[in-house]
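Chain naming follows the written order as A, B, C and D, and within any one chain the residues start at number 1.
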Amino acid sequence: MTSSPVKAQAAGTDGRAALKQFTRALGVAIVLLVIWRVTTVGLAEGYPVSFWISQALNGLVLGGVYALVALGYTLVYGILFMINFAHGEVMMIGGITGFFALQFAQARGWMEGPWPVVVVALLLIMFVGMAASVVIGVTLERLAYRPLRQAPRLVPLISAIGASLFLQYSVLLIFGVSPHSYRKPALISGGLRLGDVFIPYTGAIIFVTSILLMLALFFIIQRTKLGRAMRAVAEDRSTASLMGVDVNAVIVVTFMLGSALAGAAGVMLGFHNTVVKFNSGFIPGLKAFTAAVLGGIGNIPGAMFGALILGLIEAIGPSALGIPTEYKDVIAFTLLVLILIFRPTGLFGEVLSEKKA
Amino acid sequence: MTALLSIQQVTKVFGGLTAVDSVDLDIAERSITSLIGPNGAGKTTLFNCMTGLHRPEGGEILFSGRSLIGLRPDEIIDRGVARTYQNIRLFGRMTALENVLVGQHLRLQASHWSAVLRTSRQQAEERAAREFGRELLDFVGLSGREEVVSTNLPYGDQRLLEVARALGSRPSLLLLDEPAAGMNPSETDSMMDLVHRLRDEKGITVFLIEHDMKVVMSISESVAVLDYGEKIAEGTPEEVRSNARVIEAYLGPEVAVQEAAVKAVH
Amino acid sequence: MPLETATGAVRTGLIAFAFLSYLILIGIPGRIGGPALPVLALIAALFFWLKLRRESNEPSREATGQRQDSFDDKPGWEIGPRAASKGSRLRDLLHTHSGTAPILYGLLAGLTTGLLIAIVSGIFAAAMGNGIAIQPVLDKIVPLNVAALIGVSPGQIAQSDVSFIRFIFQVLLFAGAGVLAGLTAAGGGYGLKQAAFLDRLTTHLSGATLTSAGRFAGMALPFVLLAYIAWLGLPGVTAFGTNEGTVRLLLTLIATGSGLFTLRLSRPGREQMAVAVLLGLGVFSMPFILDQFQNSVMGLVFIFVMMGLGLNIVVGYAGLLDLGYVAFFAIGAYTYAFLSAPFSSPYISGLLILLGISPESPLLGYWMALPVAMLTAAVGGILLGIPVLRLRGDYLAIVTLGFGEIIRLFMLNLGELTNGPRGILEISQPALFGHTPVDVTFGLLSSQGWIFLLALVSSALVAFVATRLNESRLGRAWFAMQEDEDVAEATGVHLVRTKLLAFAIGATFAGMAGQLYAARQINIFPENFSLFVSIDALALIIVGGIGSPAGIVLGALALKGLPEVLRGVDEYRIVTFAALLVIMMIVRPDGILPSARRRIQSPDPEEAGAAGEPELREEDPGLRENGEALAKGAGVREEDP
Amino acid sequence: MAKRLAIVSLFLVAALMLAACAAAPPAAEAPAEEAPMEEAAADMSGKVVIASGSMIRIGGSFALTGPIPDPGLNIRHGAELAVDDLNAMGGLEGFMFELVAEDGACDGTQGTNVGNKFAADETIVAVTGGTCSGETFGLVPILQEARIPFVSPSATNPDITSADCDVCNRVALSDALQGATDAAFVVSDLGITTVAVVHDNSDYGKGLAEIFQNNVMEMGGEVTGFEGVQVGDTDFRALLAKVGADGPQAIFFGGYSTEAGLIAQQMTETPGLEETAFMSVDGAYTKQYLEAAGDASEGTYISFVAGADSEEMNAEFDAKYMEKYGVSPDDLGPFHSQSYDSVKLLAAAIAAVASVDDSGNLVIDREELISAIRSVDAFEGLTGTIKCDSMGECGAGGVQIFQVMDGDFSQVSGFGME
């Protein structure tokens, strides 16, 4: 027995309750502080409403890209419980391949053709980018991750980091150091002007396409036999294999789906921001991973909402809080920390977290 | 006789499901009490409430007259309530002895600085802890297995090791969650013997969950029955065995009626 | 030859082609120059040979009725107990491929590769001959590269003056490589001997068996190397031409690394003690022997050893995955920089002037600043620790990563305090008895040697403290927490205190490392503290062997030392490193020198949980749950509703 | 057990060392260290003796990996061409030059490693580099101690050269000049009064942005915002929306081509910034900028540090570059001419002090070489007539302002124009 159990008890109960109270108070204080800051800044700066709408649209587009990439993280995590650190590079491969496909299409003059030709060509370019990403994603799984499925969980992470660096610098060596600039066809350059709000066509395409792709993914996972197999493997790999699910095939398909989404994101981002190079997947990859965790990793709607929230915060945060934009990542990460303090398994993560987190 | 542990009106709700519903239970000092009930009756949840893993929505748990509600698990074990787990949860990569040493964790006083400097006091304490650890392993019947990594131990031995680890904290109340589950008859016998020795030689009050009725009936002095989170019976093994609600809970209403009929015929 | 084997051979050829294409695309032939073609063929031959060796294992596996489960699809590189079975596999190889089969296999594979290479290089050559530049698309496909690939001069390529025979020759060369591989595999004698030798070597390295003569030879290796390094350093002794510095560095890395193996090889007791003392003397003599370049690299290596040892407490002992460890490294470095640089940051200079201290002279010297830097880092560790106490696994990883980035962004953007991206310049050097080490040691110890020496001493100290703590009840509590957090708490481990201690101690060590790093760099910038430092630190403890101090030293040697040796291939440095990292993880996932505890662990905790009790494994759901909890590195806890 | 013994023994030694050190007085009097540094230098100041048949080795620290590998490679190419040219002209007294290229990765740590490698190699005569200022700061203290002079082609941070460092030289012009010229152009020539300043958070970009900002304010202009981005970012729309809300007449960006091009392009998509002028600095004086900005580059302003170069020399250089590397030098980035000049400058200084001894070895006195660089006067380089001052500033020429017209840069103001 310890020397003074009574004292320990008092300290323990009080301490615990106090900690909880303190956390709660802290949360309220932070929220109030943010509201106060946003209000005062908003009043002082007097930005017009159109400004906020523009920023929100910027954020949604950014969020759409993050979401497509975040889904790849979350899918793989849901099934293998590993962070596919090279996923951002899979996206970059999509972007680079899309660039060459675009070059090809331009050389053929498809981009100057009537609009149905351009649309078909654009879809083809996106498809080529997605296919390249799928090839890389599946190769990655086969060579760098499959042999490590039984290893302690840090090992595939390091392997993934190695793969990430390998892909980045291979692209650098093969395709050179210079960035590759997408040249948008006339059809999708410019944008829609609604008063003081400007919506770039590419931005709108990204947002709509990402929502459509996510719906398609949701459908695949919820409604198809394949989706059932994926969920079964996510639940319990060995039981699923006993039930006749080909676990390897399911994992490969998971990587294919995630990589295809990332490839699509890569190509669309290429058209939107016009520049791709060897390291242009790293930062979006990191952000998308953050988004996946924000929403509760392993949870598909969570990844989508996490990504949109992250995008919005990055776009609106600095203006709303009246601080320089170089702090946008600080705001994003602080938000992540705060959310995880109050919801340790992310916004939507509770279902999975009980079992797997 | 005063109750060492007194559970009063404890209620625990998960979502919409009331896992433990206003349970009252007293455990006498130096007694062996069993908690039985069908799967999902809320037995383990009650244990979890007692050891701080869950915080009950209502009620009070008094140990030696002081409340355990709201304490952290490590504070509760410090008070003298130790437990084992239904699904063995040993520290898998540690040796048997190391597991027991972790069990003694909060009974060791040496500071971390003294550990870095290896002061004679710290060394003496470590030696004593190892000695006591070996004694405990001996006591549960695991002598000679000190250096075996715990996942490599046979199943029955893993259960014994959990008991030894719990004993490391020198508890006055030991909660055993299905100690004989999955054991063969001879292992079960030695587990029963161990439970008796815990009480008789160490003076520890034992409160256990068990499914094996043979074990329950032969070692318990008192039995409580949970069904759907409610306590439906309490008493000596004999009383509980003949309780109609208990039979119903275990075997379903029709069977209970049949049994009653059979009994009546005899 | 059965059709199946033929398709297998073609597949092998295709894979070899894919790999060689990669080498061609990144410009390796151009880099090798003239003899590129034979080198590529040799690489192909080696690949074919490995493939033949593996393919020949398949029948034996089927024969014993062991269906290869998809889950243990691991290459046969295991050492230790499993290595013993290799001998028999090799014998199988001789039986199954005793005839011409492997030669035909090799021939077919080689023809496939050769044909494809010929076609592709032909296309490149034709394009370039017709004045089409491929380079804007494929950066390294310059005439030089293609020329080396075909074995002609760039001028011939430009003038389309490449005879068809060249391409036939290419195909034949690769076919020959395939035949060579087949012969080697089938002829057996040579291949078997070589393979058996490799097997024996790996067995020896794992410490299983070794003749005493071999053992002593092995143990003498680091000392022999050290002597050789010292001899090379003598004035007037030259070898290896302009590569001498690099060769000496490589030898230094090998000597240090082999010293760790020597320690494992020596018999416990007096022998080990003697070896340890000798090794200690050897290592501590290095700063005096090496030149500035090697000293500076070794200094960095041991700074990262300190980092690794600190991170190992957090990740290896306490099981908390921390991806933002660089934050504490940065805090240590910046703390020292603030204290010791004649610094122009408006805030700090203003404060100093206010206090009547001249901002031009450093506030504190290295030794006085040390406790301050350590304390600041420790406080940082606790501040990070408190909010993340409830987080587990990957949530913890991303939050710590965010924390690291936040610290870096603050250093970058708080220009008034940290001078922003322009960094802090002229950080003062640690003194030795109040003088520079060069003076005190009469030039024996260079400034970089002094840093190396300090890094060595600090690493030894850190290793000592970390090991002692790990062997105490705190170490057991960390380990218990790593195994099962809930049970650890229910067994009496105060989670908050134990976790915070891990964070604080780990951070303290990183702070020490950061301070030394600042002293080594003299000028520091926020960019020195990017995410990659965290990744490096994590990678080195995993490559070396998590939980094992010796492994961490080895990991640091490999990850921070080897890239410096690879400087000669500058642009291929990172690709090589990255590929090695992946291969390393596949070949030895437990690290080069895993800790004893780590080795016990079977690869999959889920399997491990059940392995002890086969007969009950299906019946008891709890056991699975338990295993699963372990597998996820966390316990099963229902959140309080 | 084994490990513990080893660690105990290591610790014993460690404890001894530490005790010894702790007993020493703290290094608070550290300024004293600078004097010994020079003394040590005097001890080490030897001569480089190059045996006949060996090469004159010049080290090069280039940012071949890291955040900006493109300009790094470009600068390396420039240096390689200089060495080729030197050797094509017969080298020096029959001795050929060799470039020992190392990857400084635009990073202080790598810079330190490279510096130490050069310092340890007694055959290294001089160094060209580093590419980035951070990397160069890594080189400075080490080369200073080793008495190896360096000439950086592209490190423009004003603090690179100082009175304390006699081996530090550069042919790049300090950012101070460019920032001031740009500000004068924007405020006086364009008559713009409100400017938003954006930088890329590199020491180079942020430094220039700050100098520009200060100059604009001194001249009575208003700076409506000062914001940073990260190298590698590609979406600046949120930033531009925020900047644009203040309605500046111009945006000034301190940083490199890709980011500059993307900002110029995305400005056209930002309400309120469609007609705003855009100006960037020499880091963006590349084809990549034009590509990244696309049509949006029309009418934007870029400043560049150029010399009174002979067209002829530059055309010749460009042709050689194209021939050897298959790309035009401007495709990869700026500073190739400076890099070429830095090597040629070093070679000229070496030629001035080197002598052949009796046994046919080439002897170069390090101290003499260090002062020879400072006394270079009227050296004809690609960037103009180079003259080094006592601080090691060897940059020639001045700042030119270009405007993009019809997809190419055409000079509108600055050095070389009336």
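One rule holds for everything that comes next: a residue touches a chain if its C-beta (ideal position, glycine included) is under 8 Å from a C-beta of that chain, and two chains touch if they have at least 3 such contacts.
Given the structure is predicted, the values throughout are model-derived calculations rather than measurements.
Comparing chain C-alpha centroids with the centroid of the full set of protein C-alpha atoms picks out C as the closest. Comparing the chain pairs C-D and B-C, the larger number of C-beta pairs in contact belongs to C-D.
Averaged C-alpha coordinates put the centre of chain C at 32 Å from the centre of chain D.
Chain geometry summary: the mean Cα position of chain B and that of chain D are 72 Å apart. Separating the CA-averaged centres of chain B and chain C is a span of 47 Å. In terms of their C-alpha centroids, the spacing between chain A and chain C amounts to 29 Å. Within chain B, residues 72, 78, 106 each touch two or more of the remaining chains. Counting partner chains per residue, chain A shows two or more touched chains at residues 169, 177, 324, 326, 329.
Multi-chain contact residues of chain D (touching two or more other chains) are listed as 65, 201, 228. Considering their complex, residues 13-15, 51-55, 72-74, 76-78, 82-83, 85-89, 91-94, 98, 101-103, 105-108, 110, 112, 115-118, 122, 126, 129, 149, 151-155, 158, 165-166, 168-169, 181-182 of chain B touch chain C. Put simply, chain A touches chain C in their complex at residues 77, 81, 83, 100, 103, 143-144, 146-156, 158-159, 161-166, 169-170, 173-177, 238, 241, 247-248, 286, 289-290, 293, 297, 324, 326-327, 329-330, 332-334, 336-337, 340-341, 344-346, 350, 353-357. Chain C makes touch with chain B in their complex at residues 464-465, 468-469, 471-474, 476-477, 479-480, 483-484, 486-495, 501, 597, 600-602, 605, 608-609, 611-613, 615-616, 619-623, 625-626, 629-630, 635, 637-638, 640-641.
The touching residues of chain D, when paired with chain A in their complex, are 65, 69-70, 73, 201, 226-230, 232-235, 237-239, 241-242, 245, 258, 261-262, 265, 269-272, 288, 291-292, 294, 331-332.
Chain A makes touch with chain D in their complex at residues 45, 47-48, 50-51, 54-55, 58-59, 61-62, 169, 172, 177-179, 181, 183-184, 191, 193, 196-198, 200, 269, 272-275, 277, 279-280, 282-283, 314-316, 318-319, 324-326, 328-329.
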